[in-house]
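Chains here go by letter, A, B, C, D and E, matching the order in which they are written, and residues are numbered from 1 within each.
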Amino acid sequence: MSTRTDKIDALAEQAARTDSAGVSVAAAAWRRLRRNPVFLFGAAIVVAFVALALLSPWLAPYDPGERMLGDQVIRARDQIPPPQEGHPLGGDQVGRDLLSRILIGSQQTLMVGVLATLIGFTGGLVLGTLAGALGGWVDTVVMRAVDVMLSIPGLLLAVSIGALFSQPNQFTVILAVAMVQVPIFARLLRGSMLAQRHSDHVLAARALGVRQRAIVFRHMLPNSLGPVIVQSTLVLAISIIDAAALSFLGLGNPDDRIPEWGAMLGEAQKAIDSHPHLAYWPAACIIVVALGFTLMGESLREALDPKSRR
Amino acid sequence: MALLEVRDLSVVFKRKGEEPFTAVDGVSFDVEPGQTVGLVGESGCGKSVTSMAIMGLLAKRGVKVSGSAKFDGTELLTLSDKQMRDRRGQELGMVFQDPLSSLNPVISIGLQVAEVIERHRGLSRKEASVQAAELLDKVGIPDPKRRLSEYPHQLSGGMRQRALIAIALACRPRLLIADEPTTALDVTIQAQILALLAELVKETDTALIMITHDLGVVAGLCDEVNVLYGGRVVERAGRHDLFRVPRHPYTHGLLASIPRLDAPRGERLSPIRGSVADNIPWTQGCAFAPRCPNAIDTCVEVTPAMEPDPVVAGERLLRCHNPVEPADRVEQEILT
Amino acid sequence: MLRYTIRRLLQLLIVVGVLSLLLFAWLRSLPGGPVSALLGERATAETRARLTEELGLNDPIFVQYIKFVGRALSGDFGVSTGVQPGDPALDIFLQRLPATLELSILAIIIAIAIGIPLGYLAARRRGSVLDNLSVVSSLIGVAVPVFFLAFLLKQVFAVDLGWFPTAGRQEGGIDATRVTGFFVLDGILTQEWDAAWDAFVHLILPAVALASIPFSVVFRITRASVLDVVDEDYIRTAESKGLTTPVIRRRHVLRNAMLPVVTTIGLQTGALLAGAVLTETVFAFPGIGQALAIGFERRDYPVLLLLILCSAGVFVLINLLVDLSYALIDPRIRTRGGGH
Amino acid sequence: ESERGDDGGDAGGQTGGTMTFGTEGAPKLFDPFYATDGPTFRTSQQIFEGLVEFKPGTAEAAPGLAESWENSEDGLTWTFKLREGVKFHDGTDFNAEAACFNFERWYNTTGAAQSPAVTGYWQDNFGGFADKKAPSLYESCTVSDPTTIEVKLTRYTSKFPDILGLPSWSMQSPTALEKYNANEVTQQGDSFAFPEYATEHPTGTGPFKFERYDEANGTVELVRNDDYWGEKAKLDKLIFRAIPDETARKQALEAGDIDGYDLPGPADWQDLEDQGFQLLIRPAFNIFYVGIGQKNVPQLRDLKVRQAIAHAIDREGLVQQMLPEGAEVAENFYPDTVFGWTDDVQSYDHDPDKAKQLLADAGAQNLSVNFYWPTEVTRPYMPDPRAMFGFIQGNLEDVGIKLNVVSKPWNGGYLEDVDQGKADLFLLGWNGDYNTPDNFLGNFFSDPNNRFGTGNSPWGATLSDELKAADSEVDDETRQGMYEEINKKLKAEYLPAVPISHSPPALVIAENVSGLVASPLTDEKFNTVSIGS
Amino acid sequence: MKVHFPIKRGVVLDKTVGYVYAVDGVDLSIRQGETYGLVGESGCGKSTLGRAMLKLTEPTAGKVVFDGVDLSSMKGEPLRTMRRRMQMVFQDPMSSLDPRQSVESLLVEGMRAHGLDKGKESTGRRLRELLSAVGLPSTSLRKYPHEFSGGQRQRIGIARALSVEPDLIVADEPVSALDVSVQAQVINLLEDLQTEFGLTYLVIAHDLAVVRHISDRVGVMYLGGLVEEANSDQIYTEPLHPYTKALMSAVPVPDPVVEDVRERILLAGDLPSPANPPTGCRFHTRCPWRQESRCDTERPALRELAPGHKVACHWAEDIRDGRIRAHEVKPQLTQDDWDTGADDNSLAGPASVTETLGP
């Protein structure tokens, strides 16, 4: 338990140290990032993906939930609609237009990623701020709870949470994936906050007689967000992959009229040898998007790492 | 012939996508056997880079070293990596500023001292350990046998610095470079270390390059002092000459900035205005010009050369168009 | 050290205790559960009610928990209702633990065997093609969903090429003697070489799939920490001693760089033990992960409860071991003595 | 079409060899009396035999360990003539003594084993136990002579003696039962622990003997019983290997790791055949229906509304697109091989307009109901719940019914909610155990307090009575009439659910396997199976 | 005044098993308008004392009376209001300025907290005044700390302290992080401001020369305790405590003539751990004048030897009058673990959090 938590703490502290150089660090980091091909590549993927998700309702030729090619489906013969006029990728197992599903699927995937990250982030923010700002027994209680959560390996926790909703749906998936991130965010934030709490500039504000609330929200919190934001980028990728894993285990959103890549992949694996393209498309999308966020997050982290700045 | 002859040493850092940065710019000086030469200057003036260039410790990539550094007649800058390794630790020793980070945290002190003996004197590990214990004893580490098996974090700051000195002196190098060896230490400890260094150097007739920003340290230790500013030596003189009659406005300014323990109180300090950030590039004149009280028009037009000081006697080199009149200082001295 | 260990073990107990209460309450508050699992679609409202009463599921949760703890303390964690119906949950755990251990250990070995040398090389040649390629491939390793990778591996190497078996731990036809539950080890101990080989071959594909994430983590940590260490002051000191490059690399760079790698390896092992859910499912590998997956699907609460608890426990325990071993290899901690 | 099977199908087959068969799970235990799960029955079918067996490939009762039987006039006393010279695997003789020992064992069950979770089949088929807390169908078993027994029942039921063909009523060795404490079932926490007999020493008379169960590897090994009284098994060894994931089963077969597996997904059928595997399609002996719960939404008690639902569903399309080859649209609540089936029932064509009209007539244009469908499950009658649900959902929405979709895991609330009448519409079905109408209809409707909430309609009780009466009717012809009548009324007047389809489950085996006869009851015996090289 | 930091350790619940005696029984008073200088080696408790005086660290025992008001029992809002009158300047000019705040908001913050910003205009005027007082251009307001040099940052820090018009400023090593040339600028500035605003200073530094230069009175600390206090001339001309003597002799003077003739008192060994301070006189382990009796058993109190000159040494008079001679001291081993605790994190961190958490 402590190794993992220690690591998070170390990272938080490291980042807090970085942040004392503040804006200049961010500016310098940005200058370096702008020229970093890895970051640019990741960012390009992410931008393209977000654009796709936003524009997909106009890009997608058909309603992704409508079984318009249903008559061409014969499950018994494993027949699905082949690529044809107007349906360049053909249909899926029950005759819905695959292209439309892939395109619209980006929305759900983006939503899963963004919402899960937001929830994780917010949860972590609240807990971490409470613990970091108030200290004392609040800190102890919150951190004990966080430690208990951290003592369950991430995916297992997500799967457990996902499996234990009596009625799984899109939101429970998001929640399951997000919950795993809450303790990490909380710990990360609290670590930075704690480092901030003893930092000179916070001490200076206290000496000035600035009110506690203002110190927390004006000084400690903004300066602690760096590592949390980097983490968010990585969490985006993780949530997308985790959500796919949940779908694969059958714990995803059961309503498949609204397409989601993870669920599509999970579903398509059953017929991977006869219709591999059903799996390859969503798999490729997930991999590319996750890679995009990961590349971006990793280069962001590296850019903000004081050690890499020599 | 001097033991070490540094001529026109320049170090340029060139990073991809960034402007090349000249950290050391045509530095020359000599070190005789048994002599202690000081390099002083404020943070960032290129002291450490100079020493690292001499030791061949700068990274190969992104760094351009030019000029010459002859050690006992051998050009160090063009030696192969292998040849340089044979000299480092053997003939050239170095002590670094931060004694904690300069010692490997997971290797025992004993091994860290012994490995250099092992490497250069071809002794077995056992023999080297015996030698190491002796060395530790010599640099004043109590109970040296026990310390051999301890790790850096178990020693206090002063002890660590002593261990580093032991490592540097293990093979009785002919030249020792000490890069701010006492900056991280408290005054009382600093005094111990400086005394130790002086004693060891004297005992072994080792030449010492003392790098520091503390003029006080230089005053007590060095035979000759080089004052660096912005990567160039701006003034060189024997220590007595330098402190008695500082000629370069920068040297003069530094001395005037320091509150002296032995001076009467109440006197205002006269600091140099501005800060190092206000430099202009050497190519456009004198880098110190913007901060210089003596600056004249030529200072921002013509780059001053390092020339023997025409006014004051003694072996002094100066890089200034309009040096401080010696009288000023002397007068001051008389007045007080 | 001892005090520290005891303290951590106590913490472990507390974690497990709290977790068991939370899990228990949660599992019990869910619909379905043992009754549905036991009766299936034959159930009627009446048999359902009868069984609920018989199983004591109408008691207040707290009472049920106390009973559970009482039984658990005597080693009885209930009987599986879905994974291996009728088997005591504890047996299922003990039976499957070796399988998962075997698999995780091989996966970690693979990850280490590739990750560390490659990480070291990449760091040495920072910025080279090799470096960039391996960094990007390690990131891809994280981005590819494990189950998909497992699937592809299986499809290509087992189904299409037929080089490896597709599923399970051992062919049914092999008459292997079970000693420790580690099939490969058993085969070696009993000198049933065919059984050992067969079990080993079964491990390869799942282990490779499972190794993808630990590999990329180990690789990147190795690379990062070698890069860090190379820039440390003490490396400069070592250089200034004129030590030869191999000595510097071995004694100074690697020894320090390995410290964080060791932690990582431990953490990854811990995560693998419980994180093999996906891979084990794809390869029908009868380990903890598969039991968890089936347990979730079939709402096998006793097994889920025990497995999640034990996984968390094992995870925490491994972390403790990592910490302790860390203390052994890092003199800064080892020689500090006393507590933290 | 491939030439599968034909060349491997020579009746003699060769002896020897090992066959590995993939199953979806490991058996829970090996004592069929306590079993409720498929993997256990599959194994016990090879080890055990009952007095009555089903004719291979059909659901018809046929002589098993009893060579013949007859019924008394009043239908209450059954006399079984037992096969001679049969021995259990442990050497114990099978005789009248042993047979009655088994009956008495079942009847005298006590303690934890009385739980519906343990002896659910007994309670479904025979009712209560010797302690008479609930009425029992069974009264006594007496040994008339070493090869004859007389079984007395408390009432007549059409199910008897077919039910004796169920694997649960297999004959087990009295010696072994006693030696290994077969009756010591205990409740442990939420579940039950079974005695040594059930986990390690199943002893029957069948063509295969239990060899071992490698729990760590999920494999059960059976070996040939060389002393079998009938046609001896051809295989030396039969291994059942648990591979829970369906795709993994398929890949294992493709890679040659196993020689066959049960219940390939319909979508894989074509692919498996194309790869040269033999696909054995069982006659469909099941029913899939869309249940209508009348408990909560009053409008659903209106026949017109239920009829509208029936008309809205495109059963033909569903069968065509979603179900395997050989699936049929269901007109009755059970397949046509079962007694009392009739095609003279009201049929509901796919007719959205009519459905809308009916809804309008009933004043239920804005009918809004919840619609339950199960996740994390496939059943032989419902190979892909998600797709099937999607199809029906589309149909119902097309006629303007507002659906509030509820999906729950099969064991995680779905069955519970459905049983408690929370679902207005739901997907469910039934796999037949034996060939009597009561096995289907009786299970569905004889208790008016059922998942359809028929008790909420006046005819609910009537239907219940009608079913009971039919079941107790001794005369076959009269009984047939009664069931036909019920079937007609069920469709025309009651319509408590919309029967959708009967879909055939399949088995797949490798090319070199022969002699396996697919059974509609999915209880294939492997003694006829041989494996080539 | 005492500040003891608990050392916590325990199996289940932490219990305090010892204390770091950071500040252990210090009495001092600062007169209005004077500059009091505090010197001592690193870790001797100077900062802790400074902070405790401002109640930024809770003292374990003792009290602080500021302008007749006892601060020790003060809490919450009254304390916050009181803070206006006592300010602090920190050692590291970078880390003591919030990097995300512009100079303007840094300066306004304190004024706002005490209701001193009355209207845009007056505040603006006040800000310009402040900047000119510390010698910064008024264009600085919109800039961020990182855009300034070290000396300028320190000026911002001083301006911030001044913004609430305090009476007392505690300056904790205000010039240690600066280059010598800049250091002098800041020292001059501090002096100018004192004259201009009639401030009272407590200046903490480890550089004896700086302290002596700036202060009216100097206190020398050793291992949590005050060992000598005198006005700054006395401390140079007549150091009474052996430690002060040694300290004085250790400070290098930038004059070769002086250096060559100076007699050095070299102390043996290092500063002992404040978690486990020596018994009796804290300095006895390194003291060249240590005597057989009293030194290691009895803790000397601060005694006034001459007017305004206090010293905590049993033998001060004897040493002064040469009755006791210095002798050689064998360095004692000091267990130095305590001050390396902070270096734990030098173990290389993870490449990212996610990585440590695995699949």
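We take it that contacts are C-beta pairs under 8 Å (C-beta built on N, C-alpha and C of every residue); 3 or more make two chains touch, one makes a residue touch a chain.
For clarity, every value in this text was computed on a predicted model and none was experimentally measured.
Student: Expressed in steps between touching chains, what is the minimal separation of chain B and chain D?
Tutor: 2
Student: Most C-beta contact pairs, which chains?
Tutor: C-D
Student: Based on mean C-alpha positions, I'd like to know which chain lies farthest from chain D.
Tutor: With centres defined by C-alpha atoms, farthest from chain D sits B.
Student: Farthest chain from chain A, going by mean C-alpha coordinates, please.
Tutor: B
Student: Mind checking the centre-to-centre distance between chain A and chain C? Centres are C-alpha means, answer in whole Å.
Tutor: One centre to the other, that is 23 Å.
Student: What whole-Å value do you get for the distance between chain A and chain B if each is reduced to the mean of its CA atoms?
Tutor: Taking the average C-alpha coordinate of chain A and of chain B, the gap between them is 52 Å.
Student: In whole angstrom, how far does the Cα centroid of chain B sit from the Cα centroid of chain E?
Tutor: The answer is 30 Å.
Student: Residues of chain D that contact two or more other chains, please.
Tutor: 254, 376, 408-409, 412-413, in rising order.
Student: Send over the residues of chain C in touch with two or more other chains.
Tutor: Each of 30-32, 146, 155, 159, 228, 256, 259, 263, 267, 270-271, 275, 281, 297, 330, 332, 336 in chain C touches at least two other chains.
Student: Mind pulling the chain E residues that touch 2 or more other chains?
Tutor: 337, 340, 343, 347, 349-351, 356-359
Student: In the complex, go through chain C and note every residue touching chain A.
Tutor: Residues 8, 11-12, 15, 18-19, 22, 26-27, 30-32, 135-136, 139-140, 142-148, 151, 155, 159, 228, 231, 263, 266-267, 270-271, 273-275, 277-278, 281, 292-293, 296-297, 304, 308, 311-312, 315-316, 319-320, 322-323, 326.
Student: Quick check on the complex: what are the chain B residues that touch chain E?
Tutor: 42-43, 100-101, 105, 140, 142-143, 153-159, 186-192, 194-195, 213-220, 239-240, 243-244, 253-262, 265, 268-273, 275-277
Student: In the complex, go through chain C and note every residue touching chain B.
Tutor: Its residues touching chain B are 232-234, 236-244, 247, 251-252, 255-256, 259, 329-332, 335-336.
Student: Give every residue of chain E touching chain A within the complex, in rising order.
Tutor: Residue list for chain E touching chain A: 51, 54, 56, 80-84, 86-88, 90-92, 94-101, 109-110, 113-114, 144-147, 157, 160, 163-164, 345, 347, 349-354, 356-359.
Student: Where on chain D is chain C touching in the complex?
Tutor: Residue list for chain D touching chain C: 18, 20, 25-26, 28-29, 36-37, 115-117, 120, 123-124, 187-194, 198-199, 214-219, 221, 237, 239, 241-245, 248-249, 251-252, 254-257, 376, 379, 408-417, 419-421, 428, 430, 443, 447, 449-451.
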